[in-house]
Structures are given as structure tokens and as C-alpha cells.
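Listed below are the structures to be examined.
The same chain A turns up in both complexes below, where it pairs with chain B and then with chain C.
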Partner chain A sequence: MQLRVENVSYAYMPGGPFEAKALQGTSVSFASGAFHACVGHTGSGKSTLLQLLNGLLRPQEGTVYVGDWTITPETKQKHIAGLRRKAGVVFQFPEAQLFDETVIDDVMYGPKNLGFKNDEARRLAEEALARTGISTELFTRSPFDLSGGQMRRAAIAGVLAMEPELLLLDEPTAGLDPAGRESMMELFRSWQQEQPERTIVMISHDMNAVARYADTVTVMEDGKAIAQKAPHELFTDAELLERHQLEMPDTVRLLYRLREASGVNMDISAFDEKETFSRILALLKGGVQDA
Partner chain B sequence: MLEHVIIGQYVPGKSFVHSLDPRAKLIAVIIFMIFLFVSRDPLVLGTAAALTVAAFLSAGIPFRFFWKGIRVILLIVVFTFLLHLFMTRDGTVLVSLGWLTIYSGGVIEGSLIATRLFLLIVLATMLTLTTTPVDLTDGMERLMHPLNRFRVPVHELALTMSIALRFIPTLLTETEKILKAQTARGATFSSGSIWKRLNAFIPVLVPLFVQSFQRAEELAEAMEARGYSGGEGRTKFRQLAWRNRDTIVLFVFAGFGVWSVLSVV
Partner chain C sequence: MSRVIVENVSFSYDGETDVVKNVSFTAAAGEWLAVTGHNGSGKSTLARCLNGLLLPRNGTVTTCGFITTDPETIMTLRRRAGMVFQQPDNQLVAPTVADDIAFGLENAGVPYDEMKERVEAAVKRLGLSGLEDREPHRLSGGQKQRVALAGITALKPDVIILDEASSMLDPAGRSDVRDVVRRLCREDGITVIMITHDLEEAAEADRMLVMREGQLTADAPPAELFKKPDLLKEAGLVLPLAVLMAERLRLEGFDPGSPTSEEELVRALCNYV
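Now for the complex of A and B:
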């Protein structure tokens, strides 16, 4: 699903003493069929941008284009109800949305709202739960009896079960352990790659995950998208990262330090262990030749 | 819409009203509340309105912000007005449309109640907008202190109240978040039969309750961990200071009360 935001501004509580300008005339676009990441400081407007992309918030200025929908300040809520079917949102700490008596009922809530019949909704829910790694014997438990990580998975299943075309993720791995983070990211990537039009926009502070999984990275600052680059471009630009106080992924930092220390010019864009290892190996081999 | 609700919110400032002792403000509002409902004299009501306007102007609250916040509450005022308008069967008939008859008494009664309610809401809102929740409960605790002798748990009441006030904004933010999350899952809150609409709120209320209980538990643990053990023998870090301006304000409101009574007898 193709996304485009044009000169959009949004302020919370406009006109009052507590006015917070979250977005200030920003423009950015996200291509269809890709995994996009969005990074930036706390308060830079990332979550606000995400909510504009599925019509939960309407821009106060500017235009948002999502697939076939056009959202302007005048757009009526009714008009974008159809967008909700296509765009799934996983909010920060989504386990706060669990409410039903059993896990399976909770996951069926979304599909049922979309008008699916009971058995169809159950099929979608079971599929989504299986995909997120919730075992069958947990289906009939109360969602409040699950562990934190399982709750997160159940909540995400609740969104996937609605079969969205666009998945909007707000720090989906915050608070998970490293293994949980990785399996969740793998889940999102395989979901996205299953069908050509599936698109993900993910907000994250985890640069390791962003570097490994995203096709593009958008940098937000003071309510504006100030850069959109491929991970290997962004994360090897030490000066740019410094300027916007963004962290390097661990692998890049390691190679960067090695390059500084050795003085040997080498490619530092490596986002997983294997790539990093081969870069180090190359450096060592080169080093041996030099000596 | 929820983000505009200003009940329990405090707007920092250095105005005259901000600087008053919370006890003075509390007593003033209580006097106002009681005596506003004593008199039907338009002059007394006019004075009440003047006091309210004076309080608003000297508090330095931006008008647009205030108006947006109070709009929702005004629905209650309008509703009360209409109720009295249609229900009062006094005076001469003004309008008669089939089953609907409006009497002159209804207009008078409705306007009277609506004006009183409106003034009261504005003044009470001024109190919370210009007083920090901590000051407010401190003031309340001090005012109710004598009741301790009758075994009223004044400190506990004040604490409960301050916690409640503190968490109103949090609760609103949380409600809004959950509303958004469920809306994104296809929930609709504004269509279908009454029964359907009420049902639609279950997915919002359940998480809200769960979170509130969790928070209550965490708060209790945090307080215990820091050695809280009730009000007995507890001293105050923050002291209230009564000044001349507080006495003057009280005199003005007391004067209003006396006049209000005099206009009746």
C-alpha cells in the first residue's frame, strides 16, 4: 500500500496553554510492498505520524494519501472507515487492549467487527495466534493469565487476524527479551514478504532491528521527517548519526571502531553476525598482508 | 474530545487567584455555592456573575482554552434548562404546540437554575484550574481537621481525594489510548441500538479497570516501600500561609452571602 504525507501539521490541544505541536508541515512517503522504519527522539512526532497514516487522527493542515484514500482536515470519519480494514495498528504496549474472557475470543474481536462470521473469524484468529507462536492450549485461557511476552503476542495476533494490507507498528518490541525481540521481528518480516502489496511502517528505538529488517529508515526530528535513507546509507554516515543523536547498530559500531583504530579503509555496513565476521576476517587478512 | 476536558487540571500561573491560600478559595467557593441558591433576586445573581467574571479575569486563564474545556459540561446546564422549561406548570402559557406547552414560569425557573449552575461550574473550575491538587487537598485537610475529634479519617479522605484528582488526567489519557486501539480493531461506538453501543464500551472499560487496579496496587506498594504509614504524627513539608488578601477575599464572599440572605428576608 502506497503512503504519502504532504505538508502535514498536527498539534494536540491546539490553542491552549498546553498546546503541543507534534508535526510541523512535514512531507514523507513510503513505497508499497516494503518494510519501513521510523526513528527519532522521544517527542519527535513518530507516534502522531503513525496515527495519521490510518486515519485515527486527521491532519490539521496538509494531506495524507493512504492507498486509495485521501485524508484532509475536512475528511469525514465515515469516509475513512474502510481504511480501518486495510490498515492494522499495533500501538505501544498493545497488551493494554486485551479485554475478552479468552485469548481466542479476544483475537476474534477484530475480524468480527469487520463482519466475518463466527467460524471464519475463528479460523483467522487461530491462524494469527499460530503465526505469533501462541500454543493451542493457551487459546481458552484468560488473556490476563498470560505472561507479558505472550500478552504482547496475543495482542499482535488480534491485529494480524484482521488481514490488513498495511501494518503500522509503534515500538512493537519494547520491553521484550532479546530472543523475543528477534522472533517478533522475524515474524513481521515474513508476514510482509508473503504478499507483494503488504507494507509495514515501524517505529523503533532499536537500531539493531531497524538496520537488519528495514528497507528504508525515516529520521524524525522536531515534528518533521528530515531524512529517508536505506539502512546501509544512514548507519554508515557517522557524522549524520552524531548530528541527530542516533545510535549506531552494534555491528556497525564495532566495525567503525576497528576502522578508526586500524586506519584501514573498509566497508562498515554489516548488520548481522555473519557479515560482520567476514568484514573482520577481510580486515585481518589485509592486515596480515600489510605487515 | 476527551483531550479538552479540564476537570482536575491545573494551569500554572502567577495571577492573584493563583496566589490565594487554598483554604480561602475553598471557603469562598462553598459560601458561593450555598448562597447562590438562597436568593432569586436578579441583583444578587448579577453580583454573583460579577464575582465570577472578576475571578475569571484575574486568574489569567486563556478564554479559548477555558471555553473548549467547559463546553462538554455546559450540556448539563442546557439539559437542566430544558427540563425546567418543559416541566414547570406555572404562570401564563407562552407557547402551546400540541403536547408541548411552555409556561412563563418555566422560562423563569429554567433560566434561574441554568444561570446558577453555570456560575457555580465556572467558579469551581477556577478553583481547580488555579490550585495544584496538592494545595487543594492540603487546604481541605486543614479545613476538615476539627472533624478528627469525631473520628472522621480526615487525612485518609484527603489522601484519597488527592490521588483521585492526580489520576483523572492519567485516566483520560489511558481511555483515549484504549479507545484508539479498539477503534483500530474495527470497533464503532456511535452506531447501532443503545444496547449495541453500550456493549461496544466493554472492550474499553475492561482494560481500563484492569490497569486502574494494577496501578492502585503499584502505588500502594511504592508508598509502603517509602515508609508511608498513615496520617498519625505526620508533619507537613509544605506549609500554607494565610495572608491579608485571603482575608479580603473571604470578606467579599461573606458580604455576598449576607446580602443574599437579606434580599430574601
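Now for the complex of A and C:
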């Protein structure tokens, strides 16, 4: 699903003494069929951008294009009702949104709401739960009896069961341990790559995950998208990262420090352990690489 | 005397399955302990046993000289052993930062003048100067956790327990919290017990405890445990990148020493270049 935001502004409590400008005339686009990440500090406007992309908020100025929908300040809610089923949102701590008596009922709720018959809704729910790694014997349990990690998976299954084309993720792995983070990111990537139109926009502070999984990274600052680059471009640009106080992924930072300390020029764009190790080995064995 | 003494502690939520199984350890004055393990290993449950939020099914916990099962002394115990939780939003209660820090003091019946002094000292110590009149919910995650820590510090505690207190924060917030915890431990001699699944965070502790399926499977300095990658992997923990790289370099015949941080590894490797 193709996404485009054009000169969009949005403020909370506009005009009042507590007005907080979240987006200030920003423009950015996200290509269909890719995994996009959005980084920036608290208050940079990332979460507001995400909520504009599924029509939860309407722009106060400018235009948002999401697939076939066009959202302007004048757009009525009913015109974008159909967008909601195409754009699934996983907010921070989605487990807080679980509510039904059993896991399966909770996940079926979305598809049923979209008008699917009971059998079809059940099939969609079972598929989504299987995909998120919730085993069958948990289907009839109360979602509140699940562990924290399982609750989050069940909540994400509830979003996937509605068969969205666009997945909007806000810090989906916050609070998970390393193994949980990795399996969750693998889940999102494989979902995205299954169908050509499937698109993800993910907000994250986890630069390791952003570097490894995203096709593009958009940097937000003071309510504007100030850069959009491929991970290997962004994360090797030490000066730009420093200027915007963004972290390097662990792998890049290690290689960067090694390059600075040794004075030997080397390629520092490595996002996994294997690649990082081979760069270090090459350096130690004296095989200087071209950066 | 040890500030925290955990003896043969078992805990169960449902009365059937123990999520903490026969755990024993102690923490001395001024010591920094990291309790590590994956989600569901029982480490947060153990943390809640330390200040009597949960009471053991078996065994005893003695914190700051008070046994946690004694209702007479539990409030004193909790003032001497404060706890910071994972979610910064759920622990701030007052309309301003200063009021929030004063909240615990007021409950403890500290006289007004002394309260004012202690709040000012805590504000300074935690680097919150200028934020005294701000609304806590408008602060960043790292600032919120520092306000929570300031409220505890104002009570002049002997022990601070951090239950994944930085896992929800961005990198800047994380190093923020770690900086103040370091000062509280190393300069003020407060015992720190930090629950975390991040071994880079644990690397700075004096001792690292590893929890696995409710059991304590290791208790040693981090540098020693980093030499046992299998034990850590089995516990669902991921070695810090620098430790992992050093490990693999050894297999290739290099001797990078036993670095626990990126700086140490970089320094060791520069000898080769």
C-alpha cells in the first residue's frame, strides 16, 4: 500500500494555551511492499504520523494519501471507514487491549466486526494465532492467564486476523527479552514479504532491529521528517547521527570505534554478528578493505 | 551485615507451580547486583519478594534487618528498600515533580522543613533542577524514572531495587538512569539490585545472578559469567556484542583478553593493528 503525507500539520489542543504542535508541515512517502522504520526522539511526531496513516487522526493542514484514500481536514470519518480494515495498528503494549473471555474469541472479534461469518472468522483467527506462535491448547484460555509475551502475541494476532494490507507498529518489541524481540521481528518481516502489496511502518528506538529489518528509515525531528535513507546509508553517517542524537546499531558502533581508534579505514556497515566479525577479522589479519 | 538476605525462598502464584524455586543469596552494603533471566524466568517475582510486595511460600527474606513477613515493620522496610518499576507512568502520583518526590516523605511523617531540604537535595542529586514544578506526565521516560528514583532517594534508603526500570526507555533514557544509579551506588553506598535481561547493563554490576525457570543457576561477577556463554544461552540471555566478538576471536587464535565492554575490546584489538 502506497503512503504519502503532504505538508501535513497537526497540533493537540490547537489554539489553546496548552497547544502542542506534533507535526509541522511535513511531507514524506512510503513505498508499497516494503518495511519502513521511523526513528526520532520522544515528541518528534512519530506516533502522530502513525495515527494519521490509518485515519485515526485527520490532518489539520495538508493531505494524507493511503492507498486509494485521500484524507484532508474536511474528510468525513465515514469516507475512511474502509481504511481501518486495510490498516492494522499495533500500539505500544497492545496486550492492554485484550478484553474477551477466551483467546480465540478475542482474536475473532475483529474479523466478525468486519462482517465475516463465524466459521470464516474462526479460520482467520486460528491462522493468525498459529502465525504468532500461540499453541492450540491456549485458544480456550482467558487471555489474561497468558504470560506477558503470549498476551502481546495474541493481541497482534487480533490485528493480523483482519487481513490488513498495511501494518502500523509502535514500539512493538518494547519490554521483550532478546529472544522475544527477534522472533517478533521475524514474524513481521515474513508477514510483510508474503504478499507484494503488504507494507509496514514501524516506530522504534531499537536501532539494531531497525538496521536489520527495515528497507528505509525516516528520521523525525520537531514535527518534521528530516531524512529518509536506507539503513546502510543512515547508520554509517556518524556526523548525521551525532547531529540528531541518534544511536548507531551495536554492530556499527563497535566497528566505528574500532576504525576511529585504529585509524584504519574500513567498511562499518554491518548489521549482524557474522558480518561484524568478518570485518574485525579482516582488520586484524591486515586485509584492509575499501570503505 | 548483609542488607538483603534471601534464604531458600520459593514463591507460587497459584499454590501449585513455583515460579521462584529455593533461591538463596545475599547483598552487602554498597554492592551492585544484576538479576538476569529471560521473560518469565521468575526474576521480577523474586524482586517483589525483596521488599515484601510478595511473601515467600517457603523460606525467608530479610531486608535492612527486617523480615518481610512482619506486618509491624513492613512500612519501615519499604522506606529503607525502595523499588522502581518498569512502567514509568504507573508510579508517579502528584501534580508536580517536587510534590511527587515529597509524597513518600509526607507519608513517613517527616517535618516540613526537613522535607523541603530533602526534596531539594534529591532534585539536585538526580539532576532534576529546573523541573521541580513540571507535571510528571509531561516528562520523558528517562526523566520520569529519575523522578521515581528521587522520591526513593529522599527517604534515604539503604537498598534500591530496579525492576526492568529502563527496558521501556529509549537509549538516552537508559543511559540517564544508569548514570544516576551508578552514582547512588558507588558514591552514596546504596545497595542496588537491578532486574534486567540486558547483559550490557548487567556488565557493570559487582555480581550477576542468573535466573532460569525460577531457579538461581549462577551468582558470580559478570566477567566470569561472560566466560560461560553456554550457561547464559541456556538461560535465554544474549551475550554483549563485545564479549561475543572476543569469544570468536579466541577461536581464531587471537587473544583479546576478557573484555566486558566495547571500550575494552576496542583497546585490546588496537594492539593488533
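We adopt the following convention: the second predicted complex is superposed on the first by the 286 of 291 C-alpha atoms of A that agree within 3 Å, B and C clash if a C-alpha of one lies under 4 Å from a C-alpha of the other, contacts with A are read in each partner's own complex, and residues count from 1 in each chain.
What we mean here is this: a residue touches a chain if its C-beta (ideal position, glycine included) is under 8 Å from a C-beta of that chain, and two chains touch if they have at least 3 such contacts.
Everything numeric in this text was worked out from a predicted model, so none of it was measured.
Legend: residue contacts after superposition of the two complexes on their common chain; A:281 is shown touching chain C, with no touch to chain B.
With both structures placed on the common chain, the touch criterion links A:196 to neither chain B nor chain C. In the superposed model, A:174 lies in contact with chain C only, and not with chain B. Look at A:262: by the touch rule set out above, it reaches chain C but stays clear of chain B. Judged by the touch definition given at the top, the superposed model places A:12 against chain B, while chain C stays out of reach. Of all residues in chain C, those touching chain A in their complex are 38-40, 86, 140-141, 164, 167-168, 170-172, 197, 236-238, 241-242, 244-245, 248-249, 252, 254, 262-263, 265-267, 269-270, 272-273.
Taken together, the chain B residues at the contact with chain A in this complex read 3-4, 11, 62, 64-65, 68, 174, 177-178, 180-188, 202-204, 206-207, 210-211.
Listed in rising order, the residues of chain A touching chain C in the complex are 41-43, 147-149, 174-180, 205, 207, 245, 247, 250-251, 253-254, 257-258, 261-264, 273, 276-277, 280-281, 283-284. If you check the complex, the residues on chain A that touch chain B are 12-13, 15-18, 51, 54, 56, 81, 84-85, 87-89, 91, 94, 96-100, 109-110, 113-114, 144, 158-159, 162.
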